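Think of it as A, B, C, D and E in the order they're written, each chain with its own count starting at 1.
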Amino acid sequence: MSLFYFVSFLSILFSLLVIFTKNPVYSVLALIATFFTFTIQYILLNAQFLAVVNFIVYMGAIMVLFLFVLMLMNLNKESEPMKSNLIKVVGVIAGGTLLVTLVGATKMLQTSEVSALPNSDIGLVENLGKVLFNEFLLPFELSSILLLTALVGAVLLAKKDKRTQNG
Amino acid sequence: MNLLILLFFPLVGSIAVLLNKNYAKQTALISSIITLGFAVTMLCNFLPEAGKQFVVDLPWIPQLGISFKAGIDGISMLMVLLTTGLVPLIILSGFQRTFKNPSALFALVLFMQSGLLVVFTASDAFLFYVGWEASLIPIYFIAAIWGGADRIKVTMKFFIYTFAGSLFMLLGIIYLHLQTPGNTYDIEAFYALSLDSATQGWLFWCFFIAFAVKMPVFPFHTWQPNTYAESPTIGTMLLAAIMLKMGIYGVIRWLIPVVPIGFLQWKELALILCIIGIVYASIIAFKQKDIKRLIAYSSIAHVGLIAAGVFTWNVQGVQGAMIQMINHGINVLGLFFVADIIIDRLKTREIASMGGIAKIAPKLSIAFLIILLGAVALPLTNGFIGEFLLLLGVYKFNIWAAGIAGLTIIFAAVYLLRLYKDVMQGTLNDLTASFKDIKGSEVVLLSIVCALVIIIGVYPQPVLHISESAVTELIGQVNSKLAF
Amino acid sequence: MNTLIVISILALVVLYLGLFKAKNALLPVSILGLLGALALAVCEWNSGASPIFSGMMHFDNFAVAFSALTIISTILILLLSKTYFEKISENVAEYYTIILFALVGIIVMVSYHNLSMLFIGLEIMSVSLYVLAGIKKRDFASNEAALKYFLMGAFSTGFLLFGIALIYGASHSFDLSEIAKYVTDRPTGIDPIFYVGIILVMVGMCFKIGAAPFHFWVPDVYEGSPTLITTFMATVVKTAGFAAFLRIFSVCFAPLSEFWMPTLLGITILTLFIGNITALFQTNFKRMLTYSSVSHAGYMLFAIVALGASSFNAVFVYAAAYSLASIIAFGVLILVKEQTGSENFESFNGLGKKNPFLAFSVTVAMLSFAGIPLTAGFIGKFFMFSTALQEYHTWLIVLAIINAVISIYYYFKVIVAMYFKDAERKEVPSNAYYKLVLGVSVIATIVLGVYPSLITDFF
Amino acid sequence: MDNITATIQVVPLNHYILLSAIIFTIGVIGVLIRRNAIIIFMSVELMLNAVNLLLTAFSAYSGDASGQVFVFFIMALAAAEVAVGLAIIVMVYRNTNSVDINVLNRLKW
Amino acid sequence: MIDLVWLIPLFPFIGFLICGVGRNVLPKAVLGTIASLAVIASFSFSLGIFFEFNSVEPVIINLFDWIKVGNVNIPFAFQIDQLSILMLLIITGIGSLIHIYSTGYMKTDAGYGKFFSYLNLFVFFMLLLVLGANYIVMFIGWEGVGLCSYLLIGFWFTNGAFADAAKKAFIMNRIGDLGFLIAVFIIIATFGSATFTDVFPKAQGMVSGDTTLTLITILLFVGTTGKSAQLPLFTWLPDAMAGPTPVSALIHAATMVTAGIYMIARSNIMFSLSPITMSIIAVIGLATAIIAAIIAITQTDIKKVLAYSTVSQLGYMFLGLGVGAYTAAFFHVITHAFFKALLFLGAGSVIHAMSNEQDMRNMGGLKKKLPITFITMLLATIAISGLPPFSGFFSKDEILANVFEHNKVLWIIGVLGALLTAFYMFRMMFLTFWGSFRGTTEQKSHLHESPFSMTIPLIILAILSVVGGFINVPEVLGGGHWLASYLAPVFEGSTSRLGELALSHSTEYMLMGISVGGVIIAIGFAYFKYVKNAHVPISDSENRSALAKISYNKFYFDEFYAAIITKPLDALSVFFYKVVDKAGIDGIVNGVAKAPIEASKGFRLLQTGNVGFYIFAMVVGVVVVLAYSFFKF
């Protein structure tokens, strides 16, 4: 139990670091740390498959991409012009209000507490695989199209054109 | 099926005009005369006492309860005759003018005629609304493409104003539709409704604003003088001679019988507005410097009286309105045509720069005088019949109202005779000295107009007879609904 | 379902055609493929009684109708693309592929029966559009549009997902039927997180359809994107967004309309006013159209605000009318911009004289936008008003009328420019494809305006 | 592993919701206060992860696997989005030599 | 023959059409002949009917249904009775003479054909007016003659002032006509019909002083004040002298202006039942008579003098009507028609001779040059002055006798007016025909007597002016009161109510004596002033005494009307147009239209182009939406 709160604390701490550090590279590192805490959360929730996927996809692939791009652009310095403090304050207030509203709305009536996990094994690869390839076959197939689109699109946009047009 | 031919033949003509670009005027004229022929044929087979005839009822959008339902009773018959009769004259009025892209102009005129005929014959509210708007588009283009210098702003105002009015009517129509038991747009179902008085009260305004803008009734009139002045005369004629009758027809057919209790609540206010309009517009007309604008204000005054007659809702008032719609159409067409002849020759609308034309254009002066006398309601001209009945109707409502409304017969004489004096009488000046008298198609048109002015004035009974039983029945129906 | 497969395969085929440099075959193949997909979609009329693929997809008549509409719109837009893409770059095949992928997403969006499908469909579409908005790689406006669209789109996806998660948390299912059952089974004991979920899903959907105050991306993205892509966004994408929006709200949340309706009503009114009033002062035709697009979203929201049996019809007819008119307007804009290099109203001056057909097409489109009778746009507005009045939203209609009146002013500005203002200009060149698309659209607009029964008795 | 799960059982679901909401809001704040497009994008990722956590929690607490499947899809999306998003950012960077979103204000009014 | 009564108006109408269409085609002689023959033919028919008609009840000839709406039915019908027959005779008779006269008078005018067509049209409308069997047909004629009056006053329309005079006449008539029209509405509403034979029997049954009847009669009287130039609507008539002189004779002296008297005589039953109206009529009539007479004293334009004299005489007729002396009033209509037509035609002859000079200050000594004109005009002047046994004596005397019986004060004023009449008429004669010629030598060289076509009508009218009075010589002078007995059926209803004149013979003699004596003194005064002292009215530039100034400037009526009606209305027109319409209503309309455009200027600034702001707005939107939803929920 206390583990949950500790990990949660770390999650919040690292995510705050993500948005408040000036150096983008540190931000990325903080984000990796945040994702790591999430992986722990998944394990705590007995979602082993997700924990693994999260570790590989997010911490591995996605974050590397981010870092790669940052390095590519030479943005590893504190080069980013920060917004004025006023905007920061306003942003934080707006976000805080959002949080309050979200939580307040959620809590308006007492949420029923679930005291027992009905089936603790759902997060295992085997169980999840069954659901994924039976019920969710179609979305699974379609996500391939999503990835393909992203693939084609990313290549299309990122590659340098030989011709220069403004047309 | 006969009616469908009447309604859609102008569209055929419109296409023919577009295809036959070199003879646009002629084709348009022939087409409109054929349409008139259809209308006259229908008149020959028409039985005034027999209620709605030549009924067409075709499914259109069945799942919404919309059908293409139209028919002709006495009231519609007169309006159909007005439309089919005046459009050839309006087309004829353009014979000696040159227009850029004439085929488009005349195609639009014919298109509009179709829309107008739909409005005047529709028995389905949706159809009515479609016709109502369909006649608005062509006139907007006519006015805005072929109009005067200030046309763009003016016509935009006109369009937006009238469009706003009609959208409120659409709201009313849909609302009524949803109240009908079978969810239909049939006018009979609308008539059969009995809504509570608060609902009828606001529904009255929905319809009234649409119609009031069209007519136009004070204080919804400010689009009108400018639009009349800036439109090409063909457009002005269409607007003044036929289109504004849509508003009055709407009041007779779609306002009062549909929401009788609402009408009862607001009758006085509507009448007062109409009567204010009469006096107000007349007084403004006194000092107008622009010939077309003067006629425009005179039209507001005349229409105010017609509307007042309708709102009294007695046989004399409504019958007077019916015949006066015809008369006003004829007279205002004639007046605008005379104005157009003068403007075309002198290239100015400024009354002050005219004068003495009667001396060198006697034919024009006679025609002008006859039409003008019709407009000032001299007995034995058409205008008198209408104004007599209208004022009688208003009198039956209230003697003071009649007294104030009656001022129109004095005021009309004041501003129209002043116009005649300033334009036709007095001495010639440099501008007017080379004025040419009317010839050819102008003579034909003005002769027809003058003949109509006098014939209807001398023997109006046939015209009155056409609509009498329909009007009586409608009034009776409303009164029986109000009786309980 | 077959439609989905055909389009997916078609996209791959086109991608391969690009590899083999068969440039001239791209358009015919795409069109033929889409026609085939259209035929297959129509064949499934009345056959989709129940959800398929473990309740993932429900290809009911609603889905068929909207699939057909989006496919037809896409065909028309692709027909306009004949020379357009080639001017941008060589990678024409990829553009077609991505458009077709987007269409796959859209077909999923109109036929989903599970929130995961909604999500995937929406994202396929969105990701494609992020790319498409930016295909003019050297054009700052296009860059800006792509980045703004991407950032805001991703941001709004977060809200949508949060909403979906909360709904899942309450109902323990992503299946629409299950969620509906959850709602109807316990009218009082609904978990409050479910309500938050509804609102957040609503926010997410409102972003996708560009309803105020989540509309800010619309003007900038529409303006910055290549015009043809804007056309696609304004027509197909918007239609799909409404179909998806309507589907979830009508199937799942209808019984709770008392809860979300007032909020959506507020959003609707705000959308109407923001769209219309801001459009008034625009001097750029394209930007005016984008704001008008916002206001049309407001009108289409009527159907959801006054959710009822006639809502499907209303949205369908309105979307069809709006799509046709948009295709005309943007299509002509492309031609005019090619000639004059400007998208301002002035660049339309004198068009009526030199290009009567183009001018007439635009006029019909504007009249349809403005909701003038005898055009499809009027029928659309009429359906919307009827739908709203059925639920006695009289005041909403009054406000809508005020907006419709305001809109006349800016729609007519271009008519005024074309017909009433003279300018020295040459005839705008246009190819046969344009004539075909514009002709078909104009005729369809008028035919639907005169005899809407052709498409109104689907539901 | 079982004992860990048992420990978790004591954590109320509400706390998961709260945690997700906080992370989500932090993501939102990040989007609001930063000008670097990449950081903004990272904040969006933070928001998505908050949702992932929430879904997993719901899934675990209700014993329904579909929530976790959904998370899987979100991850797929995230991958796709990152690819496209970074491509766009690179493209913009090539043209403007900046990833500052405030530079992007040609399209307005 | 009575069945053919529709031919009577038809002849002049055909004449109108022929002259109108052929005005530039046919030779002048033919045009004049056709027009004259048309009226003469009508006159012949009228004579025929006069001799044939012997019914007590009026004869109604229905031509066709004119307006039939609901329960209102207005047929186009003619009514023949004694009153209309006499009017027919006057109109067609005098009309014929004036037509003949005009063939000479207008010989050189370019608008010859037009003139005769208008003149025929006028006769046509006038005949409709008197033949109409209901108020509406009467109204046709009523307005129709107004139209012809307008056309003929503005005959020389290239002169702007003349055109203005025509306009003024029409509009002033119209003001009265509105009263008439509303009266007709009340009649229709009250009696269910506008036909005389329906209305009068019903009216007969009503009580005296009935409010509705009073209202009807007052409004009808308002109608007559316009047409018959009574206070306050008389100012158009002097201006109407802008028309050719025969027109003044026919329309503005003999026929049209007496339409009002005809109408009241026709409706006598309703008037007899409205004592209040009767008093008003009497007072207004007398006031008009006196004011017009006073104005006439100082006028220098020969036609203006005659015009005011006409107004004044019409005032007498109304005075007669006002005291219930319908026969006397109508008698005066007849005699006045004779001598006033003659006076105008004579004046026309003078003007003709003087090359269109109308100012008496430039005349003088014409009796030698224009002997026939002089003699006939002198006879007419004596007749109008009321010296026995000329026609005017009998008619005026009968009116005054009735007034005397009714109210002594009115009588005294009336007699004073008669003296004034004698004075200004002889002043006119003396200034014109006596003394030495004051015009230019060129005018002098042109002086000539008019041709026969002009003098013959003068002679005929002179004879009628002299002997016309004998149709109604009162019993006291040994006459048979033929006119009274002839008209008795028409006025039966009223006489049965109001009673007959019941003065003793000696009183009557005394009244006659007083007025004749006074008239002779007045003439003598005029003689001394204008013949013996050869006084000539001073020119316009010189100062007049205050009273003379008021008189010369027509009591400033025109200026007064301009100040209280015309100018305020014009100002109001400009105000309505510029302030209320343009700035007010249209300003509101434009303002409403501007509001969204102004709002647009502000709204578009929301679209800052800044993603940060957009996202901020989105977040705020989400917060608001969430908060609102739950607050509302």
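The rule is simple: a residue touches a chain if its C-beta (ideal position, glycine included) is under 8 Å from a C-beta of that chain, and two chains touch if they have at least 3 such contacts.
For clarity, every value in this text was computed on a predicted model and none was experimentally measured.
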item	value
Least hop count linking subunit B to subunit D through chains in contact	2
Centre distance in Å when subunit B and subunit E are each reduced to the mean of their C-alpha atoms	37
Inter-centroid spacing, subunit B versus subunit A (mean Cα positions, whole Å)	70
Interchain centroid distance [CA atoms averaged], subunit C/subunit E, Å	77
Computed distance of Cα centres, subunit D from subunit A, in Å	4
For subunit A, residues that touch 2 or more chains besides their own	83, 87, 90-91, 94-95, 98, 102, 105-108, 111, 135-136, 139, 143, 146, 149-150, 153-154, 156-157
Multi-partner residues of subunit E (each touching 2 or more other chains)	593, 604, 607, 609, 611-612, 615-616, 619-620, 622, 626, 629-630
Multi-chain contact residues (two or more partners), subunit C	116, 120, 123, 127, 130-131, 134, 137-138, 146-148, 151, 155, 166, 193, 195-196, 199, 219-220, 409
Interchain contacts (touch definition) - all pairs	A-C, A-D, A-E, B-C, B-E, C-D, C-E, D-E
Subunit D residues within the subunit E interface of the complex	28, 31-32, 35, 101-102, 104-109
Subunit E - residues contacting subunit B, complex	64-72, 136, 139-140, 142-144, 147, 150, 154, 157-160, 163-164, 166-167, 170-171, 174-175, 177-178, 181-182, 185-186, 188-189, 569-570, 572-574, 576-577, 580-581, 585-586, 589, 593
In the complex with subunit A, residue positions of subunit D that touch it	1-2, 4-5, 7-15, 17-19, 21-30, 32-36, 38-39, 42-43, 45-46, 49, 52-53, 56-57, 59-66, 68-69, 71-73, 75-84, 86-91, 93-94, 99-100, 102
Residues of subunit E touching subunit D in the complex	604-605, 607-612, 615-616, 619
Touching residues on subunit B, where the partner in the complex is subunit E	157, 160-161, 219, 221-223, 280, 283-288, 314-316, 319-320, 356, 358-359, 373, 376, 378-380, 384-385, 388-389, 391-392, 395-396, 399, 402-403, 406-407, 409-410, 413-414, 417-418, 421, 424-428, 459-461, 464-465, 468, 472
